[in-house]
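Chain IDs A, B, C and D follow the sequence of writing; residue 1 opens each chain.
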Amino acid sequence: MTEFLTAAVGFILAMLALGLLSILRGPGDADRVMAVQLIGTGGIATLLLLGTVASIPAAIDVALTLALLATFASIAFVKKGLSRFEADGTASMEEK
Amino acid sequence: MSVATAFEIVLAAVVLGLGTWTIVVRETFSATVGFVAYGLLVALIWVRLDAVDVALTEAAIGGGLGGVLLLGAAARLWDADLMAMEAPGEVARASAAALSVLTAAALAGAVLLLPDPAPTLAPAAVANAWATSLSNPVTNVLMAFRAMDTMLEKVVLLLAIIGVWSLAPDSAWGGRPGPRHQADPRGVLAFLARLLPPVGIVVGIYILWTGADHPGGAFQGGAIVASMWLLAIMAGLADTPPVSRRSVRFILAAGPGLFLVVGLAGLLFGAAFLSYPPAQAKPLILGIEVAMTLTIAATLGLLLAGAPERSAEP
Amino acid sequence: MSLVRDMMTIAAVSAGAFFFLAGTVGLLRFPDTLTRLHALTKADNLGLGLVVLGLLPQAGGLRDGLKLVSIWLLGLLAGATVSQLIARTAHHGSTR
Amino acid sequence: MSGVTVFGLCAAAAVGLGFYGLITNPQPLRKIIAFNLLGSGVFLLFGVVGRRGAVAGTGNDPVPQALVITGVVVAFSATALAIALLLRLFQTTGSTKLSNRTSPGDGSDPAGG
């Protein structure tokens, strides 16, 4: 069981690495910000599996913290876009 | 080579790859995103090193608050990025590279040559856990055995916020920090900012509460609460308070103040500064932690909000 | 009983790993920001959900199980909102 | 080679990378990020040393863990202060250049400064 879960951790981590490679290359900043979201899902899955494999139950709390906070970088990015639009004198981007 | 070691090598390679990307990439924004991703992944290494307390801190700071701080700064410096910055010449680069490689090699050598058996203070920390009747050794070290460090750390936070506030221009002295954020009250961001904070505050309190016996504690809990406050601010649901307000200053000083009072009481009635009588150690430590969580949440939120930019009256 | 639990774990975690693979292939192959965002937030969240489902039989107790489920729900919430926010920013950026 | 050693080498490399970025990168924000990378490498070294000193009942020596938590907090407050200074510099001068324009070598500049 432990071997299977360890292999699964390695596999998901490798997928994460490949995804990061492709996202960070761009072309736009929106693509790059997705890297944080990618770690928000893939990283949490890795963390949960790792906690089970290494029998560290508190890893779930770290995953909970990451799940809560991984959104924040993306929100900061969106606010950046927002402030630029506002500076340009165009309407808020959250309009219908 | 076992499967587990292969996993560790992959993890180290991904983290190092992100670190390298952060340093060598041309645009500042990409570097910032790379560093936020790096901060999130380092939490995985800390879990793997069985240091879950640090992993929680790293996840809350590196991933959440640090990301907002750095990306916010990158966004506001947007135009500055276009300005040509003269890079150091070839010789300076080469010598910097040589110096860095030398430093890294020396550290790597030190890691490979670490003494065996490793020196450790863990047995002493475990053996003295009875003195506080808390079973999380890290909380014991932070709040009792090296409580002076933790108290001074809170003073550093206070000094940092005083430093940030002193950067306010005259017109906004004592006013509200940061710009007033606006968002559609029926939009996605406002929806998230209404849904997430109740959950986040519960999780923050849980992390504080569980810190007595399991990984967690005041700082990690406070950081989560602070980020929930920031979310409400960024969605335009709340505004930053004017920094001259009395209640704000009271909350900022409450944590270190209570710590200092308890420490002086130890000096007067007990053995030494910051010594707790064993019978009351647990309630005293928990009381300090609750006060510190509030202080930390307020301090971190205001640190991220930045220097006052608008006068207190709208 | 333990065998049934382990079988469930292996099946669900394998399926989760497959969706992480699918998400990464999407990131590598899809041409533009919006389609990549689609691949990231749908496939990876399904992968996370399946990993959580697979780890539930291994969880230490009711509290750990509840935490696992809430991590997945938080992940879903983050994926749903952040994908909208990033997509709007990217969309405005490209049409301007 | 054990897993702990792998992370130790990774930490050493992070320190080197951060040091290089701190020296060579002209952008102040990049310098701040590089400095944080350097700090994160140092913290990881503490973690590796603490992991080796683990005894039964603790996965990692609690004393270096507590030191690292204190260090992370102090590094974060220093970063926040540095960024506030940077934003204020940008607000006042409209640029984030650190070098002094009116250095003695610039004496021929007609604007004088």
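The definition used in the following text is that a residue touches a chain if its C-beta (ideal position, glycine included) is under 8 Å from a C-beta of that chain, and two chains touch if they have at least 3 such contacts.
Everything numeric in this text was worked out from a predicted model, so none of it was measured.
S.K.: If I rank B-C and A-C by number of C-beta contact pairs, which comes first?
M.R.: Pair with more contacting C-beta pairs, B-C versus A-C: A-C.
S.K.: Between chain B and chain C, what's the gap in Å when you average each chain's C-alpha atoms?
M.R.: 27
S.K.: Calculate how many whole Å lie between the centre of chain B and the centre of chain D, each centre taken as the average of the chain's C-alpha atoms.
M.R.: Those two chain centres are 14 Å apart.
S.K.: As a quick test, compute the distance in whole Å between the mean CA positions of chain A and chain D.
M.R.: Chain centroid spacing, chain A to chain D, equals 23 Å.
S.K.: On chain C, where are the residues touching two or more other chains?
M.R.: Correct list: 70, 74, 81, 85.
S.K.: Quick check on chain B: which residues sit in contact with 2+ other chains?
M.R.: 4, 48, 50, 52, 65, 74, 76, 188-189, 192, 196, 199 - these are the residues of chain B that touch more than one other chain.
S.K.: Could you list the positions in chain A whose residues touch two or more of the other chains?
M.R.: 16, 33, 40, 56, 61, 64, 68, 70-71, 75, 77-78, 82, 94
S.K.: When you check every pair of chains, which ones turn out to touch?
M.R.: A-B, A-C, B-C, B-D
S.K.: Using the touch definition up top, name the residues of chain D that touch chain B in the complex.
M.R.: 1-21, 23-27, 29-30, 32-34, 36-37, 40-41, 43-45, 47-55, 57-63, 65-70, 72-74, 76-81, 83-88, 90-91, 95-97
S.K.: Help me check something: in the complex, which residues belonging to chain B touch chain C?
M.R.: 188-189, 191-192, 195-196, 199
S.K.: Which positions of chain A touch chain B when the two form their complex?
M.R.: Touching chain B from chain A are residues 3, 6-7, 9-10, 13-14, 16-17, 20, 24, 26, 29, 32-33, 35-36, 39-40, 43, 46-47, 50-51, 53-54, 56, 58-59, 61-62, 64-66, 68-73, 75-80, 82-84, 86, 92, 94-95.
S.K.: Provide the residue numbers of chain B that touch chain D in the complex, in ascending order.
M.R.: Residue positions touching the partner: 4-5, 8-9, 12, 15-16, 19-20, 22-23, 28, 31-32, 35, 38-39, 42, 45-46, 48-54, 57-58, 61-62, 65-66, 69-70, 73-74, 76-77, 80-81, 83, 85-88, 92-93, 96-97, 99-101, 103-105, 107-108, 110-112, 114, 118-123, 125-126, 137-138, 140-142, 145-146, 149-150, 153, 156-157, 159-161, 163-164, 167, 169, 217, 219, 300, 303-304, 306-307.
S.K.: Touching chain B in the complex: which residues of chain C?
M.R.: Against chain B, chain C makes touches at 70, 74, 77, 81, 84-85.
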